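Structures follow.
Across the two complexes that follow, chain A remains constant while its partner is chain B and subsequently chain C.
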Partner chain A sequence: MKTLILLFISGIFSLFGGIFGLKKILPLFATIALATALGYLFYDSYYGPENLRNMLIFDNYSTFLIAIAICSTILITIMSVKGFSYTDESFGDIIGLMFFVLCGVVCMVSFNNMVMLFLGIEILSIPLYVMVGSNRNNLKSNEASLKYFIMGAFATGFLLFGIALIYGATRTFDLDAIRSLSATALESNPAMISIGLLFVTIAFAFKIAAVPFHYWSPDVYQGSPTLVTAFMATVVKTAGLGAFMKFIIYLSPMLSSDWYLILAIMSAATMLFANMVAVMQDDFKRMMAYSSISHVGYVLMALLTVNKDTPSIVGFYLVVYSLATIGIFACLLIINPNHNKDNSLSIFNGLGKRSPFLALILTVCLLSLSGIPPFPGFFAKYSIFKQAISEHLWLVVIAICSSAISIYYYFRAITAMYFNKVEAEESTELTEKNYAGYLVITLSLIGLIVLAIFPGIIGL
Partner chain B sequence: MGVLIRRNGIVLLMCVELMLNAVNLLFTAFSTYFQDSAGQIFVFFIMVVAAAEVAVGLAILVMIYRNTKSVDISLLDKLKH
Partner chain C sequence: MVLIIIPFIAALLALVFKDKLAKIVALTASVAQLIVNFIFLSGFDVKNSAIQYTSSYEWFSALGLNFSTGIDGIAMVMLLLTNIACVLIILSAWDNKYPGMTKFLSFVLIMQGALNGVFLSTNGLMFYIFWELALIPIYFIVGIWGGENRIKITFKFFIYTFFGSLLMLLALIFVYLHTPGNHSFEWSEMVKADINGWESTLVLWAFFIAFAIKMPVFPFHTWQADTYTVAPAQGTMLLSGIMLKMGIFGMIRWMWPMAKNACGCNYNIFIILAVVGIIYAAIIAIQQNDIKRVIAWSSVSHVGLIAAGIMTWNKEGLQGGILQSFNHGINVIGLFFVAEIIERRIKTRDLTQMGGLAKYGRGFAFLFMIIMLGSVAVPFTNGFTGEFLLLNATFNYQIIIGIVSGLTIIFCAVYMLRVYQLAMYGPEKDNGGRIGKLSWSEYLTLGIIVVLVIAVGVFPNLILNISDTSVNNLISLMKGGAIQ
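Here is the complex of A and B:
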């Protein structure tokens, strides 16, 4: 609770700080505020789960997800020192909006009532529409923002319709009450409740960009500023998947085998389709968008079998994924700070010679995402496969095939770094020293190494 | 459905509003039927969120209008596969 209040107040403070010319200290302020929020989070969770009138419940599980989101935001805030150079006058607004998105994340992952789920998703989405369009004079950014807005509004409609149908069948918004009433409701109103659940699932699929509801995602990732893309790929994905996991864990007695079949098919389609399309992409940000869609597929596979290990498996996967993704986007931001240039794969040409350190980190992050054994991504995928293999063998086979495909496109970037020749006009040195960016990639590299050596460090 | 077929940005926003209002109607209908006020309270939340959402949506449209001098969303195809 204190975390939520602190985040909200810091958000307002950043908005005013942007107006009154305190831009220089804003990243420092934001980092300190986020670290304090993290401290309060652990301090509160030390005294056991906190229950706010059955609306929000801060248990171990939601504390952990909020912690992932806040840590990712700290890294992105450090990146933002150089990242928003194109929009100096609205820098404070963007930091403020980031805080408001985090408020939404807190509501989303700790919801115990459908009202809070809806409000959390909206508090998360509305500032994001603005952040995506924050590069006002760039038509691509405008288009990405409008697309995200329309898709988001459409998903909201689905979510609300689903909640309304569940309310109609059970007469309550409270998750505990819905779960205890579900047996009687399923007998009296089977169609209403299953259609309601399906609609809510579709809304979640829109938010986390699972196939076939992923069409907005590559466009939005490509069009928005790199920093916002990094924010969406980590914090927003974590929140969406976390809320979806909580929804499934709470309502698992209501979910029929047909529903699980739909989820399994969605997961298979997401992994296969996203990895195959990613192979064909030339734009690096689009490729990363498809890669993040495919990772959603793996997490959905973990959500098919709900037991007491599921939260820690998914949590570990999300931490590894977030760290690697932030590392990659930080490297991209250092290499190509100018947002109007295109981010085709050729910008990596000869990076192994130009900046061996950057190339090394980018390679580690990409290999971790693809799941090559010494890197933590492997352990994350391995635990998901191990859990799913007893019940869904066919799905694990598809997942392994699609990981094999994914190695191809991750290696396209790596070969571009080490083997492609530098063309004349691209041989410009990385002139501006971006120390904040180097700090972020070093931190994410350290995080990945620690997770590779001690995979058991994260337990719920 | 209007969200999927319309090409005018303003009409599109109106279609989104219609969708949310349909849900509002469903909530109020259920809550009168059950004699339970929770559904009606939820309607207030939806109205607030819908207002915020449309404010942002209109701002995005204004931003696009400044760049393209039009609210026709079929002009927006710069992001291609």
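Here is the complex of A and C:
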């Protein structure tokens, strides 16, 4: 609770800070505020789960997910020192909005009431619409914002409709009550329940961009400022998947085998389709968008089998994924700070020579995402495979095939860095020293190495 | 454990130094590694069939991943090969002036560490991790320092082998889920896994495809010739000398015991594939004009014989396969180095552009001759003992297969002598290239190889003794299985 309040107040403060010309200290302030929030989070969880009138419950599980989100945000905030230079006038707003998104994340992953789920998703989404469009002079950014808004509005509609149907069948918004009433409700109102569940699922699928509800994602990722893309790919994905996982774990007595089949097909389609389409992308950010869609597919596979290990498996996956993704986007920001070039894969040409350190980190992050051992992405993917293989062998086979496909596009970037010849115009050295960016990529590299050597340290 | 750590530390160290010093560091490290390996060998009890020098540390217990290492006779031979070969490979790079030599050497050392890890691991998942880890440095070695068209070819190579490895991972997980009690990835537990019928066949095929891609066995060889040709000499040596032995080792150590209940009829298919590969590759080798391509295809042919011999799963076959893996590793490194020396001097690998090289390079011609004879399997060279055992095994298995695979010796003589003849004899071509004097590192590398060729040829028991008990143990482990 203290975390939520602190995040909210910091958000308002940042907005005012932006107005009163305190932009210089805002990143520092935000980092400190986030760190404090993180401290409060752990401090509270130390005294056991905190229950807010059955609306929000802060247990180990939500603490962990909030911690992932806050840590990712800290890294992104550090990046923002240089990252937002082109939108100077709205810098304070962006930081403030980031805090508000985090408030939404907190509500989403610790919801114990369908109303809070809805509120959480809305609190998360509305600031994001603005953030995506924050690069006002860029047509693509505007387009992305509008697209995201319209798609998000659709998703909200589905969510509300689904919640209403579930309410209609059970006469309550409370998760525990829904859970305990599920048997009788299923008997008396099977259609309402299953349609309601389906609608909520569709809404989630929109938010996490699972196939076939992913169409907004590549455009939005490509159009948004790189920092916002990183934020969406990590924090928002974590929140969406975390909330979805909680939804599944709580309502598992209601979920029929048909529903699981739908989820399995969605997962298979997400993995295969996203990886195949990513192969054809020339724009790096679009490629990363499809890559992040495909990772959603893997996580959905983990959600098919709900047992006591599921949260830690998903948690581990999200940590590794977030670290690697932030590392990649930070590198992208260092290479192409002001969006003056398009983000096609050729901007990486010869990076291995121009900046071996950047190339090394980018390689580690890409290898980690592609799941090649001994990088932690392998452990993450492997735990999911292992969990799913006994019940869904066919899905694991599809996952393995799509992993093999994904190698192709991750290695395109690596190939560009090390093997491609540098063309004259691109051979410019990286003139501007972006120390904050270097700090972020170093942190994510350390994180990945630690996770590779001690993959056991993350557990719920 | 030590064997894995030394190369990795050395790889980091080598990065710190500049060209010449880095070479010295890398060479010292690899020699030190070899010495450590010999220390292990001297303390190794060849009469003991158990896995020795075992150690185990927890890595990620939730996944059943332990850092478990151990050496048995078969692994010991492979380790010896790896560590001898790495010394040779680093020595052979002494005269090369690649841009970014330090990085190159450090990749070679990482590769060495990963290969040692593959042969040392007694944990299935750890085996897989090192198996994949070995792929990354070679990818960079071929991709950065390779020849023409390297990007496309390394891509093909990488995706091909990665797909195979994923199949292996699937098989490993599947076996893991069938281990008794609390599941475990330890080799000793995985062997006890209770898998029968078609499931066992599936596991067998998944493993087979993974290993067959690596070796490569016909028809999974399409990545090989191109990759060998574009790779820098040392990369080719790593690939052909050591890396393909990972596949052979995997078949003996992992595939066979894990899928012991699979129908023996599957092995008929594998052996036929291998034998087809022997003939097919040999015929192609005869027609190549690029020395490296000849050697690459000859490698497919030789490995086919090793695979056929091993998959008869009788003692001669296994022992011959292990011995021949060692020999082939040494010989093929020698041959590729010969090709490299010629290329350094006359700037081409095209056989039609060469001739009369023996005239101004007698020492070289002599050393080349011995290595070539070793490859052709002339008595008193190492190739003979290995191939003899392998052919013996295939004859015992099935006469026709034995006869067909026996053709390999003739074919091999044809394409090897053709290379020798075209390159070393005949009129000199007027492109100005001559062998001249060899440098000390070239002499040393070729010298060590020649000594090994003859020593193992005359005393094959040097190698055979090490693996003897382990092979017996493996065979007795399999008795009662469906394999005849």
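Simple rule for what comes next: the second predicted complex is superposed on the first by the 459 of 460 C-alpha atoms of A that agree within 3 Å, B and C clash if a C-alpha of one lies under 4 Å from a C-alpha of the other, contacts with A are read in each partner's own complex, and residues count from 1 in each chain.
One rule holds for everything that comes next: a contact is a pair of C-beta atoms (placed from the backbone, for glycine too) under 8 Å apart; a residue touches a chain by one contact, two chains touch by 3 or more.
Model, not experiment: these values are computed from the prediction.
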Quick one: chain B or chain C, who's touching more of chain A?
B
Using the touch definition from the top, say if A:259 reaches chain B (first), chain C (second), both or neither.
neither
Pick one for A:140: touches chain B only (first), chain C only (second), both, or neither.
first
Please indicate which partner A:408 is in contact with in the superposed arrangement: first for chain B, second for chain C, both, or neither.
second
First, second, both or neither for A:126, with chain B first and chain C second
first
Look at A:396 in the shared chain and tell me whether it touches chain B only, chain C only, both, or neither; answer first, second, both or neither.
second
Sites on chain A touched by chain C in the complex
309, 312, 352, 367, 372-374, 378-379, 382-383, 385-386, 389-390, 396-397, 400, 403-404, 407-408, 411, 415, 418-420, 455-456, 459
Across the complex, what residues on chain B touch chain A?
3, 9, 12, 16, 19-20, 22-23, 26-27, 30, 34, 36, 38-39, 41-42, 45-46, 49, 52-53, 56-57, 59-61, 63-64, 67-68, 73, 76-79, 81
In the complex with chain B, residue positions of chain A that touch it
115, 118-119, 122, 126, 129-130, 133, 136-137, 139-140, 142-147, 149-150, 153-154, 156-157, 160-161, 163-164, 167-168, 171-173, 218-219, 222-223, 280-281, 286
Under the definition above, what is the set of chain C residues touching chain A in their complex?
58-63, 65, 125, 128-129, 132-133, 135-136, 140, 143-144, 150-151, 154-155, 158-159, 162-163, 166-167, 169-170, 173-174, 176-177
